[in-house]
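Should a chain be cited, it is by its letter among A, B, C and D, assigned in written order, with residues numbered from 1 in that chain.
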Amino acid sequence: MKQRYLPLTATILIFILSYALCVAQYPNMLSTRVIGNLLTDNAFLGIAAVGMTFVILSGGIDLSIGAVIAFTGVFLAVVLEHGGMHPLTAFALVLTITTLFGALMGAIIHYLEMPAFIVTLAGMFLARGMAFVLSIDSIPIKHPFYATLKGLYYKLPGGGRITLIGGLMLLVFAVGILIAHRTRFGTNVYALGGGAPTAKLMGVPVAGTTIRIYAFSGLLAGLSGIVFSLYTSAGYSLAAVGVELDAITAVVIGGTLLTGGSGFVAGTLVGIFIQGLIQTYITFDGTLSSWWTKILIGLLLFAFILLQKGIIHLSRPDRQHA
Amino acid sequence: MTSIGRTYLMRLLPQLIALATVLIGISIVFPGFLNLEIQNDRLYGSLIDILNRGAPVVLLAIGMTVVIATKGIDLSVGAVMAICGAVSASLITSGHSLAETLLITLSVGVFCGIWNGILVAVLDIQPIIATLVLMVAGRGIAQLITEGAILTFNDPGLIFIGSGSFAGLPMPVVTWLIFGIIVALLVRQTALGMLIEAIGVNRQASTLSGVFTPVLLIAAYVLSGLCAAIAGVIAAADIRGADANNAGLWLELDAILAVVVGGTSLLGGRFSIAASVLGAIIIQSINTGILLSGFPPEFNLIIKAAIIVFILVLQSPRFRSAFTFVNIPRAAGKPTEREAK
Amino acid sequence: AELVVGFSQIGSESGWRAAETTLTKQQAEQRGIDLKFADAQQKQENQLKAIRSFIAQGVNAILLAPVVATGWDEVLQEAKDAEIPVILLDRTVDAPKELYLTAVTSDLVHEGSVAGKWLAETVADKPCNVVELQGTTGSSPAIDRKKGFEQALSGHDNLKIIRSQTGDFTRTKGKEVMESFLKAEDGGKNICALYAHNDDMAVGAIQAIKEAGLKPGKDILVVSIDAVPDIFQAMAAGEANATVELTPNMAGPAFDVLATYLKDGKEPPKWIQTESKLYTQADDPMKVYEEKKGLGY
Amino acid sequence: MQTSSDNILSAVRIEKGFPGTKALDKADFHLRRGEVHALLGENGAGKSTLIKCLTGAYRRDGGSILLDGAEVDPRDTFEAQRLGIGTVYQEVNLLPNLSVAENLFLGRQPRRFGMIDTRTMNRMARELLAEYELELDVTRALANYSVAIQQVVAIARAVDLSGKVLILDEPTASLDAHEVAMLFRIVRRLKARGLGIIFITHFLEQVYDISDRITVLRNGQLVGTRETTDLSRRDLIAMMIGRELADEIHAPHAATTEGELRYRFRNYGRRGRIQPFDLDVRAGEVIGIAGLLGSGRTETAEVLFGAHRADSGTAQIDGHSVELSSPRAAIRQKFGFCPEDRKTAGIVGDLSVRENIVLALQASRGWTRPISRAEQNRLADQYIRALDIRTADREKPIKLLSGGNQQKAILARWLATEPEFLILDEPTRGIDVGAHAEIIRLIETLREKGMSLIVISSEIEELVAYSTRVIVLRDRAHVAELDGDRITAHKIVEAIAAANERGAA
């Protein structure tokens, strides 16, 4: 077992273990419905979290994604319902906008040497503000093309479905994994996370990479917004509040270090599943009050982190010879 | 001494300029803004409102500054505010004396800090995630105490903390002023400040130099918890009720923003309490300014974003080195003016 | 077998909502219903997840208090496919009517107009500058209560909304925003009435008015919506003038129609509107307060 | 301003200023094809700055750079690499989180169908390192390997990148004789291929061993360029420090009068790090520790200081048992420890020189008893003077000091605590000749005052100069002890070599 895969393995183990525990208590949780739901319901979060993984791997953070998702939804709703544009054109347009928005934040972070936390926080205000300005109402999207897209799913035995957006999330993860581990850009992202000044000395194009990272995150946030608008058939400026925190949590549960430079895109997927599992478990239980729900989520989060630490600690031999 | 005073002023200069700019901007849009008058034995006016409304964020920013200086972050402060507000309300309504209530409430804040601190310093969990646990669970705990309702109280003593006045200033302002001065003196008149900065810059080297890192880290989170507790009491006292659902909601982001506007680097190290307090006041000025401006609320966020970006760009190292009209010592440790001569 | 009902609640963002949750649980218990409760923490995606897992669990019926009107078609269709009736609580959705059994809600626009009518009648012909504390920007109560109020005021040219800002449905923000209204309008001398989208903001604003040295309820009329217990205390003290009730007991009627539907398949009407009752200082506020106190507000 | 045609790289009147410092003042530098050109100077003379200006890591304030006679202006190191300039910067500048192979091929990974061909990359990495007699798991993160190995990897990368020019900024600081010899073999091969090689070091033997010409900088200005064969050691030192240096290396001591036995470690060790050893230290003794890379010298120091807690054995001071469970506990017993890796374990980069110097003293006093500002200034000034730390003033953030001066400031940090037992891990690494002599003299003085010292060094000459006893390590165990007349370079090398296989390999 390679040491760098340890956190990932730990996370996967924890997921399998807790899923088994859940099933032991609620046998229904093994149904294909639950598995299909896990994919569909978390699709937008998963897609955004892939972008977040890259950002965090590079040592940054992107707080704007929730707001960008909301903006994308409202934008689509407005142009589709009031502008009469074809959804595909609108998709292309909105993805261009969010990508440029991300790139702009990346450029500010790099050229003005400002911390990502703050730049993207301002980005969050701005994106949500733009959504408000476009429309404060929630606008339903009734375009027939949406219905077509939503009609695309693969029915599993037992009533579950792999929907288009669920499949799209898996695809995005696959692409993300390839980019992270099999392209120079991916290695450069890790390099930035290992230390920007050093990476610069080693000839990594820091400016370009930073801009591309945030542009990529913006692109995926936009894609996530499209998925969200498909998911809810609407655009709403208050949608997806706090998604950035969920995404960060998924990334970190997935074994990526927030300090950057170490982690896996695949881990994020497991992180997403773990979070989804917690929620499913809580709904299956159904006896928790609002407050106990929060407390339990917090405690489970804590338990996962501890467990992960424990597994890594136990299986790491004292720094040894090569 | 004067040279230290001058360094100090230079450190605060960008924040002072930003604050002045914002205030002038508002008074152009809203002319009566700078008026101050005495009413019911206390100063009354928009400027006082800013200081008063800013109290929770100022307090949170004080604790957050120290945590950030250690290279940490505390996302739980909003939730801790809610918990402490709820605790104080439920204690006072169940007949405890004001002193008991305050003591227990502050202890709860301290306890929350210890919890965070242990997670970070002993269990070595990344601060953002360690404090996320309490951020999520904490609001649940607060709601558990109030059962989701607003727990109203009528104790004049507790209410005084929120809306009384002392020496012509609202109590919240007096509280944060005194508390801020105490903390600033505590960190600067003792060696705490330097040791905390050392930990933030290089924890390993500090430990090897004999700095008692775990204890200081925990202390930083305890301070943050304490600040959140005070802020929570003030927020509850202000509305005479503990609103566990909304008290301190998203205020952690405002506090972090205040610290950054105050020029303290999120990467830890050099910090200034005074600058963070100014940062918080700047943010509150923006908020109040937006309210006074009379724009429809849809524009609130955009205006806020624009002003913050503007201020941050002005403060960014790149921008400043491009326009070296003022060569101000940066928190991150850019050379000081004195060297340049 | 025991009836299993899933309840997807928005979250717990206000005392009113906590009361609704409490009452729903009480009502379920009284009827021997096994209530599966899911708190969505103000997020639609969590509600969608909750409904899907209710379907996966095979509950007998679902109660849904939707956080937003749009975006429910698909999941409602899934519930329908699984033959699980869905009843909407407290807000309606923007979906074909056949997708849900019924909606037990008040009419948000109507609430706003009740408040507006009361104000118009009370002020009569005198000129009156109104300030408005809106709910969370973009939320449907904020939009509709604003709309209803404005409708009621149209035609009364003496009534003018001079300032309108969001107070996020919270006391703290209500107080803060009211403070700035008072500053902006000549220490409050310009303001004749306050309309708040919920009682919590009104309670905060009342404190701000008092601290500014004015008398709420007299110098500035206060009208708000929800009828939570604390506003009755304020009314008893003469500091608030009127409130429009939004009953937190939506579940009672919902369970009733559900029972008949499940028993003999009788489709209820698509909308069961709850009463938007107006309370004023004349309605013995302290008595109402005592009644409401224990309901979990 | 003649640029002879066989100059491959010329730097003309390069200027670079930092606030408070003129790091380069119209410095000229010419590198010929097929030569090894040593760039020398005291700590802070501007050597690294010149290199960084040449490779675009810094924007220079003035002057021009010619590569192959054509003016070039590398905007960043990436461009410099493309121009065929490979560089090893001072302080290993590699990415600890990336694998060894990724570090070697960052930015030029072999690709197939647009995707990185990891297998080929790893194979190439293994082949590349084989030239340096390193057999590593190239897929493991670099952080798993010692500084020395990292340095070899950095060299391998730079060599592989250098089409025309190879720049080595103190590449041998962490290397032992064996690796240095290997490096020099490679350098000679590159030289034969016509590359120009810039070599920065403070080891004068190495300068005379490998270089063809020498350029000396002082205070950012060019002092001169000479043929190595024409320049005596004495003249070279005079060029560097601007004055004559008193006897450079002392004669080995006669066995000194024995002080009382103060520190007694029995069966002391930590599993997986250092095998249990016995150690007695007297007052006024300097114990040198010798060994190959990875032999456990640093581990010995860390266990003694409590940075890693010993899991076996006992420690006694003056006959009383003590628990050295943490650095704090050790410091309470008046221990001090200058770590080897100054960047990550030594300096607190953003803090000023003053604060770095008082840090340990303040920490041991506790936070409630702050050292007054005046006292801090006094201490800082005292040590800046005593150790000749070159800094614009004491408030300069220490990360802006040159490497050697940082090292001196860390030493000052410990001297300020007036320790009785001082552990120095590679105290002279990266320190110029003048300072080198000063530090050796300092060690002498401290010993004479009755301090007990443990000094780890890869420079055997140096150990011979100041040690009263030398302990030799091999494979994480103490294997030999030399004292008195037996402390000679020859005997130490012999003891180290007594192992038939190398260190940890």
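For the reader, a short list of remarks on this structure follows.
Criterion: a residue touches a chain if its C-beta (ideal position, glycine included) is under 8 Å from a C-beta of that chain, and two chains touch if they have at least 3 such contacts.
Here's who's who by UniProt: A = Sugar ABC transporter permease YjfF; B = ABC transporter permease; D = Sugar ABC transporter ATP-binding protein.
All of these numbers come straight from a predicted model, not from anything done at the bench.
More C-beta pairs in contact connect the chains of A-C than those of the other pair, out of B-C and A-C. Between chain A and chain C the centroid-to-centroid distance comes to 33 Å (mean Cα coordinates, whole Å). We define each chain's centre as the mean of its Cα atoms; on that basis chain C and chain D are separated by 71 Å.
Separating the CA-averaged centres of chain B and chain D is a span of 43 Å. Multi-chain contact residues of chain A (touching two or more other chains): 132, 136, 289-291, 293-294.
Contact of a single residue of chain C with at least two other chains is seen at positions 12, 18, 21, 137. The full set of touching chain pairs reads A-B, A-C, A-D, B-C, B-D.
Across the complex, chain A meets chain D through its residues 2-4, 178, 181-184, 186-188, 190-191, 193-195, 198-205, 261-262, 317-322. Per the touch definition, chain D reaches chain A in the complex via residues 57, 76-78, 80-81, 87, 89, 93-98, 102-103, 106-107, 109, 111, 114-116, 118, 136-137, 139-141, 144-145, 149, 271-273, 294, 504. Looking at the complex, you find that chain B touches chain A at residues 123-126, 128-130, 132-144, 147-148, 253, 256-257, 260, 265-267, 297-306, 308-309, 312-313, 316-319. Listing the residues of chain A that touch chain C in their complex gives 26, 28-29, 31, 33-34, 37, 40-41, 44-45, 132, 136-140, 150, 159, 228, 231-242, 276, 279-280, 282-284, 286-291, 293-294. On the side of chain A, the complex with chain B involves touching residues 63, 108, 111-115, 117-119, 121-123, 125-126, 128-130, 132-133, 136, 245, 248-249, 252, 257-259, 289-299, 301-302, 305-306, 309.
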